[in-house]
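What follows is subunit A paired twice: with subunit B in the first complex and subunit C in the second.
Right after this comes the complex of A and B.
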């Protein structure tokens, strides 16, 4: 190369030809650039769809998201009432928050410009501070792109045809691998804990199962529930109704996971070994408990752990209350219950069976003997159907029928059973009758979707061949010449919207009379309490209103020494609420007696 | 008479330095007699931060290792995780990843054009190439939602499928670049000033190059054929037809020639990728990220970036967090030890040009 390179000197001058070309740039701000359809700009949150689960805040690796209260949004079941606030000074727009948002309410928009001298204004609540952001949504998650795992691991069950042959347990339980897979779907938002009457530590024990620490899971569960296997099998599981994953998928099988964890402890001894509870030294105080149902057992267990001398008086031959005598064994086998009762007894709870208060021992005697009394007496009696012909032979209460079956008594229901009602008791009675070989019809006055029974129970009943007749109001039971049930007559109903905004009401259609043949009729329209054991001298203080004891937030009745819980107190009438009552009462009793 | 040595501090804030780092040089007259690199202005402890973030969260940190070309880091991490977990990646995702990596390579080289010529006072090219790089960033924006930080290649595949009409846009952009590259040549490679200031400057001896740990285009500029895409093929590089250009000389000029040709090879690869990309899944979904654990063990994956080999080493103790991650980047070698060696004897005015030719990325050195 010579010192002067002509070509190399002139070539760069070709740049001059660019003068004649159209510029590539746009003249901002006269023109502005539209962001791409997938642009990751400032956040938008659909405040109505958001449930405040805080998942976005959890995944944010910049700690740019916190959950705050905003005016006009109140917490409710399945909604924490909190909404994410973004610190745009920290955000890196990675959009992981969008990818893990279970409802899909959080998204990023095309909006990318924000200028302010005030650094505090960089904190903003998407959806509230940019209500128009919805039109600009660009980066969002769909069921396909979401990182939530929406599909539940199916629970192995017996086939419908197999089931009706015996009282064998229908649900077979998760295997270890299935439980781990199911548990690992949980996002630990804790909305479930909030809605559980007993506020069980659900995300914690699910996490323990997911990470393979079943023993930890058992310990966490026993922290505030001494009957977890019962809950693992028959809980009404309000937790699953509010599961964040359920907003776009299937709720975590919280109940089945609890069942899995507790079943890893095969016997009461193993349970004792795993839970290894700290039992405090006896403090010399005594507590008497009436009724060995879920609320009484719970109060007894935790009081015994705290050093109290606890005695339970149980009218029946076995403990468990309605879960023993009301729930059929194919849902909750007797050895599963026994295992839990044995464990509770093993820490020092005394249970006196076949001891009916008011008959074998007076209430006064118990009241005088103990430092505190807890009543978990339940609803032992069922409402009769109350129609013409109700007194026929073969007309019975479903609850009573289940009691007899569960006590091992034989009941002849014939070959055609009609069950009236739509709750869990109705379904239980129907499915038990199927197992006794009868054709079963459920007569319910509203629609199937209005049935208060658990949807899985309804499906189970249908699988087993139970026939459901919705919108039918029974008006008469026909008898044969021997006074035995022959048929049930009902009127068809139409659904009329409730003016006050409640659920639609069934109204009978005149002249739509229909008759179904029947050999037995079972009424499953509700239960009621039996408070005859309570002497008059106590009823001034211990008040009963609308069939239930009146208690304060500590489960304390008008008599400071007497506490109550379970079905005889709360309207939800399920085991987990009873357990919560028992736990609350235990704390209150401990507080009261501990001071003395 | 021997001149007295003077100490000069080039950086950490200096337009000729490729980021926040300093080169402390002793000069006698214009000639460098001693060079020390000083880093520590950009350390963000990403490797440590990853230990407190779960396997998915860690992924969002990676793009910040090297801003001009973040994708190879994401690629190395994703492959290391997949290797450790045994997670399959759908074929389509592999093609999309190669597309991303090659687009990123082109984008990074566009910036290099600007830096390399700017360091010699030729500013027009930089304005053109950085402007043209925006067409690549437009593609990134459309595909990933982000122009610079893509956060797109993640364990299991890629985050989103190609949007409709994207392939055509890529091809149109490639057509544009093919025409445009000629303009760059006129202003840069045909330019006497560029030739004279780069030939024989910043020479790395061929026999020392491997020993010193030189990699990537810098090594290929010493006449040694080495490219992970060929030597240890990942994704679908073994199914693609391209060459690895090399040039003897070891100076800035040969490194520049290597890069100039690599852009053309990238265009060639991108065309093949678009043509052969199969349909199907783009992502083999990971489990719930909050509970996602990797088996105990470690894994190492490396990717060819414009700076050279960038590799990620991950160690898992079976939990949801990495126990340890370690990033091995080319800039560490090129920017610290190599620079100190080859600056000796050079003119002080060439520091910036040499630094740019080595692909030194201070944020990657310190991460």
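Right after this comes the complex of A and C.
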């Protein structure tokens, strides 16, 4: 053995090759293993996307989820303002909460480490306690995997070509099976009730329908709406805009379900039998109501139930106001309205028809005769178009046209009708004109998507062959030698963004003049009130500002004895707001007269 | 080819087991028979020993609450023919009794413990510890459909302190907008 051992020097160096290999031992700092792709770890909730419907807390079989207030999150329309908090000591990670979340805001993450010395510190507010959880989401629901049913049961309808042949009702209504299926999509959160002006008990009656208790549904509906079948057919249904299911699917058909329930009571007598309202003993107090529209009828119905002697003065031959004379019969058949009016009359409401206040009876007389007065006078007049040639024969207001048609009068509109406007009145006038056999064009100054009309109505009109010309501003009506409408001239418009953040404004393009032939022109650009029935001695107290009565939160005018509601008061111009006004006025009148 | 093979198997089973009701509208390699519970041991033995269905893929129980029956499902597999057969039988839900079968496949022992503990099936002759997954279980068999998990959890587990601030969504909204839900309607609130 030599002094210098080459092997003994070099061999240990072979260990250097191990540097290039992956160690088998645990490496430090310790790395956690990535969890499985659909791992169900700690919850994450997208706090902005969550609407606080509480469906997660309802489904939880371990009662592990509470809905709580979180600082910085306020409730608003379509959002309860509450957010889920999980008791991780109870959670079993089944993830049902994720699968029933309508918005998809709730999910489970790959994060599963949670260490604390305090055994009661298991309460965990997803999204707040793990703001960065979004990057770790592993178990989530999609439209396909969610346990919610996102598709609406389609409503059977007459076909477009069939519809224009008559005034037969277009919407055919759900069958029992369809209604039950549609109702069972509801998750009963109640977000809808807040945006309903009348705050109807929507989840309750839908649940009653889902469980096969139609009679209970009708009773619940009549608790605060005496014209539900009308609402079931023509309501503006803002409730459906905030439906939790609509966040990823089609909103519950709340309106159609109400219609289904009320139609199970085929006559006024059956309605009376089912609702079986408690009518209090007469209290000797009287209330006079001007106008048998939705607000007047509502106030009358609930006052009569509370023992008041109620008389309605109605200028027209039929009750219903704008819903009778403004809405075409293919949307709201007269039998349906009659049924509801008969029911209201059956509990003791008196209606004097063809009695115009200011002409057949003075306001003063009513004021002196009754202990309280409610005015639901509506907007009986319409704005004229206000362009050159407006006075031509065949130029009319759409509202007036609908009034005449609904009164059974014959109106000759010729074969080419131009309707100006984009609201429901415009669409109604257009669709009625189609039924009279005319070619119809709707001229609207903004875009189709800006139209305030119901989208279903717009689609219905298009199905029936109504031609819509958006971004057109009428400037002149051409007359023929006999003074009859010959054509409408309009300017095309471009949309200019509003500097103040409002919706874009249409601005006419100079020189873009276009002419369309017409035999009739109908203006559907808004209605206005007629307050000539009110003598001067009252106008000091009963104030009218910008065309509407001024009332307090109880619908009370400056004269404590006089209340008002409906289109002549609120700006929403829909039946359900009028009904809400009537209901509020009823409570206020009851409160006022009950004390005396 | 597969179709012929399946037909042959069906014929053979029907020839040997008169009560075997087939439901064989399934595509591909699946067959399905329902038999009386007395037939179960012999048909499983026969499939395993005579027809090559040597592998037990699964054994499970289905609660047909509305019909008052429990259904046992055995899925067996033939590696040679690449066919799986579902063998089903129905038991009276109020008195579900089944013979022990773990002499056919020892692993059935585990499945039978599950039948017993989760569905309340009485397995005659089963030799196994009393408890399977549940400890000190007093309640009804938890995999039966009428077992109310939420009610059980509420009864069994205490409320952790700090949860008193929980709100009801429906109530919160109703209070905010002044909605008065009538008492008779409340049973339909969630």
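The rule is simple: the second predicted complex is superposed on the first by the 563 of 596 C-alpha atoms of A that agree within 3 Å, B and C clash if a C-alpha of one lies under 4 Å from a C-alpha of the other, contacts with A are read in each partner's own complex, and residues count from 1 in each chain.
Just so we're on the same page, a residue touches a chain if its C-beta (ideal position, glycine included) is under 8 Å from a C-beta of that chain, and two chains touch if they have at least 3 such contacts.
Note that the structure is predicted; figures quoted are calculated from it, not measured.
Asks: Give one of first, second, both or neither to describe whether A:124 is in contact with subunit B, with subunit C, with both, or with none.
Replies: Neither partner.
Asks: A:5 contacts which: subunit B (first), subunit C (second), both, neither?
Replies: A:5 contacts subunit B only, not subunit C.
Asks: Now for A:188: first (subunit B), second (subunit C), both, or neither, which partner does it touch?
Replies: In the superposition, A:188 touches subunit B and subunit C alike.
Asks: Of the partners subunit B and subunit C, which touch A:35 in the superposed model: first, second, both, neither?
Replies: The answer is first: A:35 touches subunit B but not subunit C.
Asks: Once the structures are superposed on A, label A:80 by its partner contacts, choosing first (subunit B), second (subunit C), both or neither.
Replies: Second partner only.
Asks: Return first, second, both or neither, reflecting whether A:61 touches subunit B, subunit C, both chains, or no partner chain.
Replies: In the superposed model, A:61 contacts both subunit B and subunit C.
Asks: Check whether A:95 is in contact with subunit B, with subunit C, with both or with neither, and answer first, second, both or neither.
Replies: first
Asks: Is A:208 contacted by the first partner subunit B, the second partner subunit C, both or neither?
Replies: Touch status of A:208: second partner only.
Asks: Please indicate which partner A:25 is in contact with in the superposed arrangement: first for subunit B, second for subunit C, both, or neither.
Replies: After superposing on A, A:25 lies in contact with subunit B but is clear of subunit C.
Asks: I'd like to check the shared interface: which positions of subunit A are touched by both subunit B and subunit C across the two complexes?
Replies: Shared contact residues on subunit A: 58, 61, 187-188, 207, 211.
Asks: Going by the contact rule set out above, which residues of subunit A touch subunit C in the complex?
Replies: 52-54, 57-58, 60-63, 66-69, 75, 80-82, 85, 87, 89-90, 120, 122-123, 187-191, 193-194, 199, 201, 203-205, 207-208, 211, 213, 216, 219-220, 223
Asks: What part of subunit A is in contact with subunit B in the complex they form?
Replies: Within the complex, subunit A touches subunit B at residues 1, 5, 7-9, 11-12, 14-15, 18, 24-25, 35-40, 58-59, 61, 92-96, 100, 108, 138-139, 145, 147-149, 183-188, 207, 210-211.
Asks: Mind listing the subunit C positions that touch subunit A in their complex?
Replies: 149-150, 153-154, 157, 160-163, 165-170, 172-174, 176-179, 181-182, 184-186, 188-190
Asks: Any idea which subunit B residues touch subunit A in the complex?
Replies: By the definition above, subunit B touches subunit A via 49, 53, 56-58, 60-61, 64, 122, 124, 131-132, 134, 138, 141-146, 149, 151, 159-160, 163, 183, 186-187, 190-193, 195, 285-293.
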